[in-house]
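Next up: the structures, one after another.
Each of the two complexes below includes subunit A, the first together with subunit B, the second together with subunit C.
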Partner chain A sequence: MLSPMYLAATSNKPLSDSSHQPASHQESASHQASVQSQNQPPIRVVLAKLGLDGHDRGLKVVARMLRDASMEVIYLGLRQTTESVIAAVEQEDADVIGLSMHNAGHLALAPRILQALRDAGLDVPVVIGGIVPESDIATLTEMGISAVLHPGSSAVEVAEAVRGSLGEQPVGK
Partner chain B sequence: MTSNRDQFTTMSGVPVDPVYGEGPLPGEFPYTRGIHPDMYRSRLWTMRMFAGFGTAVDTNGRFKEILRHGGTGLSTAFDMPTLMGRDSDDAVWSTGEVGRAGVAVDTLADMEDLFADIDLSAVSTSMTINGPAIVALAKYIAVGDQAGVPRDQLSGTIQNDILKEYQAQKEYIYPPRPSMRIITDMMRFTTAEMPRWHPVSISGYHIREAGATAAQELGFTLANGFAYVEAAQAAGLAVDDFANRLSFFFNSHSDFFEEIGKFRAARRIWATWMKQRYGATEERSLKCRFHTQTAGVSLTAQQPEINIARVALQAMAAALGGTQSLHTDAYDEALALPTEKAARIALRTQQIVAHETGAANVADPLGGSPYVEWITDEMERRASEIFDHLLELGNGSMLEGVYEAVDNGWFVGRIADSAYRFEREVNDGTRIIVGVNAFTEGNDNNGDNLLRIDQATEDLQLKRLATVKQARDDEAVSRRLAAVRVAAQDPTKNLMLPVIDAVKAYATEGEICDALADVFGRYVEQAVV
Partner chain C sequence: MNQLEGRSSTADLLEQAINGKRRAQGQLLTLIERGGFAADEVTELLHHYTQSRAHNSTLAGARCHAAVVGFTGAPGCGKSTLVGCLVAKITQEAGVGRSPAVLAVDPSSPLTGGAILGDRIRMEENVPAARSDGTDRTANAAVGGGAFIRSMATRGHAGGLALAVPAALRLFEACGYGPLIVETAGVGQVEVDVTRTADTTVVIVAPGMGDAVQANKSGLLEVADVLVVNKSDRPGAEDARRDLEHMLDLGHMTGLTGQWRPKVIMTTATEGTGADQVINAVQAHREHLEHAGQLEARREARIHQEVRDRVSQCLETAAEYHLGTKPDPLAAALKERITPAAAAAAISQHLLASDMPA
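The block that comes next holds the complex of A and B.
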């Protein structure tokens, strides 16, 4: 059933149609990435949307951001179930799960994926991105979500949230 | 809302003419400057605000409120399961999503509740639904039939624009070709029986929200429009019999003049192509009439109150661009569904544009400006490049070209490229978004007063559905679902008729969509990043 699209890690800067090379976020992200990639294999991230919501703009942008930060992306895309995500994590030996949520389903869907991970005996952090009210973030992190990213998060913040989810896992996970 | 003033003056009392500058004037082919000679002087744009939440009974209450306050147009937002052809009790797909982003409509009973005590011959109803549109329209007709409202008096619009679903919004069920067959069946049915119904609203809004540029929104949307025209002609309909009931739905984003150029170019291209390529002769077939919504994607979660300013400017662009109706977004929509207060401020914002700014006094007030005329031409030129590519893919057929570009991922790839380019510009600081990558003081406080839909809605809807299923004649339901399958296998049959029969037996939306999927299959997107 799975037909993911794979994005291999890259260090070049695709799609930059500006000759202007600002010494800001992007530079430091690739720097960190190259340091990291010398020491260990790239982080493998499964990206998916659970449920019916079709807003995939953010998830696609995140896929390219992570690729540019030298990670490997297994892009499952839309209409995934907890089962299909878990299957992909097992099959692909993924390090992190990134889920995009845009229609207020996060409080129902997050516990389901966490439970499914526990049932499968997997210790893989979950990062959520999308429209999540500020006041729900504590609830989500308490239940075991590693990080929540908002619209407007920079490439650096996205990459750091993924790396942070591996480095600083909450105690008890 | 109508304005009946005899004389139009500036705030300082200076009399102003209905239009300035050279022809072709507004109301004259190719309608670059507007579709009516005096535009908003005789009739302001319709302020059509989108609503829907919870159960049908909840939304019915909101509808009646709108009508009590003088509104005549209702606009229905459905929840995700309803939009995807899934019933509320679908344990795999619907749990947690029932009644959240709109109203849940499973069976005819819900549609009866939705329009209870509302005279369907006196209102116009817009239904924003695509994949299962045929089921929603059948239910609306059935409610009208029950109330004794003749079908030719039902007035409204169903979005029913499946092509942009494969390109952007992703609320499809079946593959493109059978979906197109359903749509041409609906066009044929409404052309014969429902002259006041708009069977397709060709929508660029979602294409833009997914990341397209203004020129891509324009090019993809009009190409889709031409594809529907070609499909209807191929189904034996005469262009002047249906083209006057095609309408459009565009986005109004933040680059003020580019948006205005896009709206002006849309009218010119549509009129020219309808006349020259498709042989339309009636004036109404040539006029590109459109609804506009301000750009939801431009709203920031950071300092959400400043979104009010963004929405005001986007609303102004829509007015200066000559829209026929307008929805203004609420400032808190980057955080959640709008609160009542935020929705009211959004409506007030367009009322200020309409009544205080003087923008409605003169048709196409920016026409003749060298920059506005240039960017109008430039939008047209860039859209033409898109048409050329699609016609080449389709060997001269826009319909085949669009199918091909859906199949080979061209649309989604172009949209993803544009979205990523924009994101990188924001990231590297070459594009400033206030509150996001600049002027961030004050970002610490947001999201206090958000609208929340509680679990009770879902429980209530599940109970409602169970009751309806218990009371109906299951044998009649399976008989009529079988008839839907049979008609689906025979392209000479019009699917509207068996679908109307099925909803009248209280078959659920999910059951009818499943029956069609048995024959048509389900579309699975090839992921493109």
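The block that comes next holds the complex of A and C.
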């Protein structure tokens, strides 16, 4: 009882070795996870607005929605560049990028950020929020944007777009 | 490069990280933050790497440790803004080529476990542009230069933070960063502990709100090596400074070193005023530690604390697990046949007598 637990808490064995551990070890490891009630680390989202314009009211609302959906939001705010977003994604090891663009620059800015991600070797999904004409949505998703959210999107829609960009099912399904 | 033998993807990541790949550095920090096996693997590999590097070094034995500076104080007092100024100054220092790394800790929401991590934006705000090649204010040193900023949420699990911070600092050091800066809100005990074990701890207060008195009550002043009154553009800044000096006179602050009296520095972080004095005071404190032979004591205090945290965590996990098996003394206590204290004594005795690996 104590020994396997003790090992579980202190072992320095590489992860790949865990498949060779005795069954009791596996059990205690999963028990440990439930003790820590941390089955799944939170999704980390870098949230930014590209371009020089605007206010950040909408972006702040989205930040709160994602926090309330148990995610960690690295809030970059206004006037970000593709470089500053990429730097943050690398250092913060973000799972998803949330970008707001309000001055109809999405068709120019989206390919730029996608190219910058490819150049940096980053495979991180991008969700866009803003006023995007219906006709542009297909163009954006074809170029590799994971989802496009309208300003009126609900908290559930926002959270599900982020989870969906990671290939996760909606909560409770 | 046999220090990285027995390769796993973690070893590959570590090699990339040490070669300066920020993506890999960020990914390793994620493993460290998650704790458990993967985190322990990172620390173990790091240890082997630093050991063999020290061994191969021509200056064997003279291993240099990066300075660890902690910044703490009530939420909103301006820690991140001030750290942003300092990072910009350090990065811009001509010809020195130092790359600071920052670990910025913010609380997770106790309700959802989510968090809005807003330190990064503050650090990148109000920083004078490092280069003149762009009008965009984010083209500053903290982003474009050599600095590395990582935001960390407390994840409602104080023990995890206590283990993750020292491991992250060791990774930063191995990757060549220095100085290493840790920002924590001076609220929880663990957060205070985290900063206490820095080489130099900077405690920040803002005028009004009784910050100075509050900092004293919460034990923050006891761990201060440098005191900062930020927002000195606000009314009441001079009062706050006087309050702090009074408390110093009354000897409310003892610190690890005894003979060190913290300087009180006035800053306006939003304008960068006083940032140089803060850097000088941190430097002066470090020199004091060196002369007093205390640098080593601080390093040992840090390791001591980490070992203690890990022992506590092991014992706690073992206790949780054992209690989950509903041992007899617990059952007896539940039926009120013995006292909870007697049950705890029996269970502890049993746990400690078990064949723990030495």
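By our rule, the second predicted complex is superposed on the first by the 129 of 173 C-alpha atoms of A that agree within 3 Å, B and C clash if a C-alpha of one lies under 4 Å from a C-alpha of the other, contacts with A are read in each partner's own complex, and residues count from 1 in each chain.
Methods note: contacts are C-beta pairs under 8 Å (C-beta built on N, C-alpha and C of every residue); 3 or more make two chains touch, one makes a residue touch a chain.
All values derive from a computational prediction rather than experimental measurement.
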item	value
Winner by number of subunit A residues touched, once subunit B and subunit C are compared	C
First, second, both or neither for A:A87, with subunit B first and subunit C second	second
First, second, both or neither for A:H150, with subunit B first and subunit C second	first
First (subunit B), second (subunit C), both or neither touched by A:G167	neither
Touching partner for A:S135 - first (subunit B), second (subunit C), both, neither	first
Partner chain(s) touched by A:Y75 [first = subunit B, second = subunit C, both, neither]	both
First, second, both or neither for A:L66, with subunit B first and subunit C second	second
Doubly contacted subunit A residues - partners subunit C and subunit B	3, 5, 7, 15-16, 18, 52, 63-64, 73, 75-77, 81
Of subunit C, residues touching subunit A in the complex	6, 8, 10, 22-23, 25-27, 29-30, 33-38, 40-41, 43-44, 108-109, 111-118, 120-121, 124, 136-139, 143-144, 148-151, 153, 155, 157, 160, 310, 313-314, 317-318, 320-322, 324-325, 351, 354-357
List of subunit A residues in touch with subunit B within their complex	3-5, 7, 15-18, 20, 22, 24-26, 51-54, 56-57, 60-61, 63-65, 73, 75-78, 81, 103-105, 108-109, 131, 133-135, 150-152, 154-155
Complex interface listing, subunit A residues touching subunit C	1-3, 5-16, 18, 28-29, 31-33, 35-36, 38, 41-42, 52, 63-64, 66-77, 79-81, 83-84, 87-88, 90-93, 120-122
Contacting residues of subunit B [partner subunit A, same complex]	80-81, 83-84, 86, 92-97, 100-101, 169-171, 209-211, 297, 300-302, 334-337, 415-417, 419-421, 423-430, 433, 436-437, 446-448, 450, 452-453, 524-529
